[in-house]
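Note that the chains take the letters A, B and C in the order they are written out, and that residue 1 is the start of every chain.
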Amino acid sequence: MPRVLVLVAQRIALGCLLLLTISILIFAGTEILPGDVAEAILGRTATPENLENLRRELGLNEPTYVRYFQWLCGMFQGDLGSALSSGADISEAVGYRLKNTLFLAAFASVLSIPLAILLGLIAVRYKNRFFDKLISALTLAAISLPEFFIGYVLILLFGVQLAWLPTVSIVGEDMSIGQRLTVTILPGVTLSLVVLAHMMRMTRAAILNVIEAAYIETAELKGLGKFSVIYKHALPNALSPIVNVVTLNMAYLIVGVVVVEVVFVYPGMGQYFVDHVAKRDVPVVQACGLIFAAIYILLNLVADIISILSNPRLAHPK
Amino acid sequence: MHIWGISPGAFFGLLFCSGIVLSAIFAPLITPYGEAEIVGGVWEPISQKHWLGTDNLGRDLLSRIIYGARTTLTIAAAATLVSFTLGAALGMIAAEAGGFVDQFMSRCVDLLMSIPTLIFALVVLSVMPGTILTLILVMGILDSTRVYRLARAVAVDIRVMDYVEAAKLRGEGRAWIILHEILPNAISTLIAEFGLRFIFMVLFLSALSFLGLGIQPPEADWGGMVKENKAGIVFGIPAALAPAAMIAMLAISVNLIADWILNRTSSLRGKSADA
Amino acid sequence: MPEYLLEIRNLQVSVPDMRGNHQLPGAVIVRDVSASLEKGKVLGLIGESGAGKSTIGLSSLGYGRGRVTITGGEIILNGRNILHQDRAGLNAMRGKEVCYVAQSAAAGFNPSKRLIDQTIEATLKHKLMSRREAIARAKDIYRALSLPEADRIGDRYPHQVSGGQLQRVMTAMALCSNPDLIIFDEPTTALDVTTQIDVLASIKAVIKRFGVAAIYITHDLAVVAQIADQIMVLKDGCMVEIGTTRQVIEAPREKYTKALLSIRSIEHEEQAPDDDPILQLENVTASYGSTPTVLNEVSCELSRGQTLALVGESGSGKSTLARVVTGLLAPDTGVVSFNGQPLSALIAQRSKDELRRIQMINQMADTAMNPRHTVRKIIARPIQFYFGKQGSALSQEVELLIEKIGLETDQADRYPAELSGGQRQRVCIARALAARPDVIICDEVTSALDPLVGDEIIRLLLNLQKEESIAFLFITHDLATVKSIADSVAVMHKGKLVRYGVKSKVLSPPFDDYTDLLLSSIPEMTPGWLETILANRKMEAAGH
């Protein structure tokens, strides 16, 4: 088997192993809670008898590892159990919210990725000149701004002062795509701004790294035009680091979603997650934590695989 | 351009940071009103009496921001200290020990870093008692992974330098090598990193408080104050923006200082490369 | 008047600062350089680092790296002034009339494209041939450069071929579009000496066969003597002298040229080894972890106050041997004895006195010293550490050492970054001397320095040896240096000692195959040496 495939297979296996370990960690972490779920449900009304009954009902008398495997199997089959606080089915709630969150993340990506690459290219083009310095100063500011600051400034400006856009982003199942996009604009822009600076900075570094390589000089000294040098020599080598940057930042974006959703009261995974952390609703926290971790690991895995596949040394071994 | 050899950006940063720190220390002396004292109507606008207006319960916003600086800075600093001590110690031990110890610790850190810090913190906070100590420990331990990586990289990097090898060949003890050979070369990176970690903690703590999982009211802290006043935003009342802006300004200031320190170091190195 | 292909008149090149100011002191890096080159001839540019050789070479393509700009003079190629060309005009000339061969072929090739595509790219761009014709021509040139598997090597990627081969492919890339002029920028500097001679020979062969003119840039006068018709000697961006190869080599006019010519001509009378060696290696075998052995059953001796030179190419295991002697690496088997007593394998087990008596000087002086310590602190530490001296006694001894190595005492409070390369290496020598050692291990101490500076370091070391009777274990890849410093020589190849004995014996026939190859590959100044040596090798090969 070619070495590339072996490496990719290794990475995937490693990713699976990682996810499994994380699931153990999350499960074990939430087990250290003093008392158990039964006590949490019954609260002050608990008596030894009804506690015992409930424990039997919920299978809490089983050893921890048995419950872990039951939980894990449930996860794989899409059965996430039910919430303690409301008794509602978690899978159902998560399914709807995950869709919303992914929509928001996709919206922010579509907005930020081309912009980040474009700005990165411009910064390289005018390296060390005014524009480059301006961009890097703005980047510094953007890295320092908390998500809620950006969010509330935007709401105040476009939602309240100008009243162009809604101040809260409540989406419903029956909304048309146009309505949906309108309410997603502000949270989407906020989220884009949060990752934009990082992505641009990394893109700039990735492109500079290629542009300053000796083979670019070789190409220029062959008499190739500026466009050919970039298109034929710089781009093929810069593409994979840029794709890598983009994927890594999408992983980062998934985290930014949590705060942004709360700011805009957007009904997504982040909001749902935070609400249930406050309520100490363990089954929901476990499920959400695992889903966030899985998305994050998956995106990092994709970034890894892309850089393996695009490395000429691995693609064409000696 | 430069003031006392400091770049204008870093100068502004230092000025702002010392201002904040001083007012936090002397908060009871300089604040016009008490931390939780209700002194006016809800969300009063900026006036001579209340320089920044009042908050959602009619407390003076400026006074709360100054008291909030106390809480926010102290907890962030404590968490940074935990993260730095733990991360730097373990990182250097790993680099020095090598072999299995290094492998094991590095894999554990990889594992912790494979989930975003905020997500991990949320999971842990859902089961831990909501005390300030928990908060400091959770933030400190989760963030120590980053310090660990940096410290280990710096130590490994410098350990293989020829001049450290020369000291070993001379027969120097470990303490001398660390104090005289490694530390002078790593110190500015470490200081800058300390600043960056600290500001990350401020942002992290504020995010947690904003989500209602950090400092609990009535104690003032900047992230929590944003949460308290966020309902006013939709009515065009910018009270929530004042503490948010403080966080942003502090973060920018520290970043400017760290940038300056790092640039200064790399330009020193650059000079040695040219000569 | 002959028709010149290239004429450079009063060339001036500068590096303006960030704001585009050319007038700053030190901004001019090349001044008032003139030369002319006929069709099919080779001009050699020679000088030490910072002499402006590469800058002049690249100027002939109308190119400056970074902010480097041509600020005066004329460069006329095929009757047109390059400096009057716009970008399109330059692009029409580059790759068609004039091509460039870079020092590091490994970095000069695009890692993600096949060699053949890069070879014919310029030819296709300038629409000189069809793709099929270009490929056929490229393969023809590969063959002329005696590349193995000339028909298929083009299908490979840069990382799949060796350094010497890559350098030849780059030459082919320059030749493919049939230019009038090629700039060779130190094409053999990064190669091992035995590879260098092959690459040099094939470059010379194709220059002749394709009748192309060339500017050949190098710091090695012996190399340029083999290939150039004319030589220009440069120093600090100024022309020292220019003349035919024979004239410059045999009758140099300027003092600087004479100095360059006398490089590595230091004579050192060999001493016979005594019976009581200070350092002795017996059947030492070493490896890094599970990798195959880097050092295989090596035995040799170093006599008191003498020099044992350890010679070999990269990967021969000579630096590993130094690590074993110093105690940085424990040998798998075998014994290192010092002063008749076996040494412990690792530093931690050796006594302070044992450590003091074996000192080391590294190849890279700038990384061997802590950048945050002053010269004074660097030299004082061993005295403090081993002899416990303090205060005025200490500073007196430090100043004595600084004078001994030829620096000024007012340089004591400088940082290493504020010294030149040669001065830094001197400080490292002082640091080693400060311990009053019996043995100093010198690991390629001159190879990062310009040849003239390197020679002065060798002279310094020889003087110190005479005064303090220190023994040197001198590790080098350069056989010429060996001649000027060694008493005994050990030749290493792939971790084994292939030849060992006193200098006069090791360096005179009959040779074993490897030593013969190594010795005969060192370029000599005599014009025509390359042809002679290649003819000899051919005859030997036929004779076998």
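Definition applied: contacts are C-beta pairs under 8 Å (C-beta built on N, C-alpha and C of every residue); 3 or more make two chains touch, one makes a residue touch a chain.
Just so you know, these numbers come straight off a predicted model, no measurement behind them.
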Check your understanding: More contacting C-beta pairs: B-C or A-C?
Key -> A-C
Check your understanding: Of all the other chains, whose mean CA position lies farthest from chain A?
Key -> C
Practice item. Please report how many Å separate the Cα centroid of chain A from that of chain B, as a whole number. Key: 23
Point to revise | Whole-Å gap separating chain A and chain C, where each centre is the average of the chain's CA atoms | key: 51
Study note, to complete from the structure: Cα centre of chain B to Cα centre of chain C, whole Å, reads 49
Point to revise | Residue numbers on chain B that touch chain A, as the complex places them | key: 111, 114-116, 118-120, 122-127, 199, 203, 206-207, 210-213, 223, 226, 230, 233-236, 238, 240-241, 244-245, 247-248, 251-252, 255-256, 259
Practice item. Under the touch definition given earlier, write down the residues of chain A that touch chain B in their complex. Key: 18, 21-22, 25-26, 29-30, 32-33, 140-141, 143-149, 152-153, 155-156, 159-161, 167-168, 251-252, 254-255, 258-259, 262-263, 273-274, 276-278, 280-282, 285-286, 289, 292-293, 296-297, 300
Practice item. Show which residues of chain C lie in contact with chain A when the two form their complex. Key: 18, 61, 63, 65, 87, 90-96, 99-100, 102, 104, 107-113, 121-122, 125-126, 156-157, 159-160
Revision key, fill the gap. In the complex, the residues of chain B that touch chain C are 161-163, 165-166, 168-172, 180-181, 184-185, 268-269, 271-272, 275
Review point. Once bound in the complex, which stretches of chain A touch chain C?
Key: 128, 213-215, 217-226, 228, 232-233, 236-237, 312-313, 316, 318
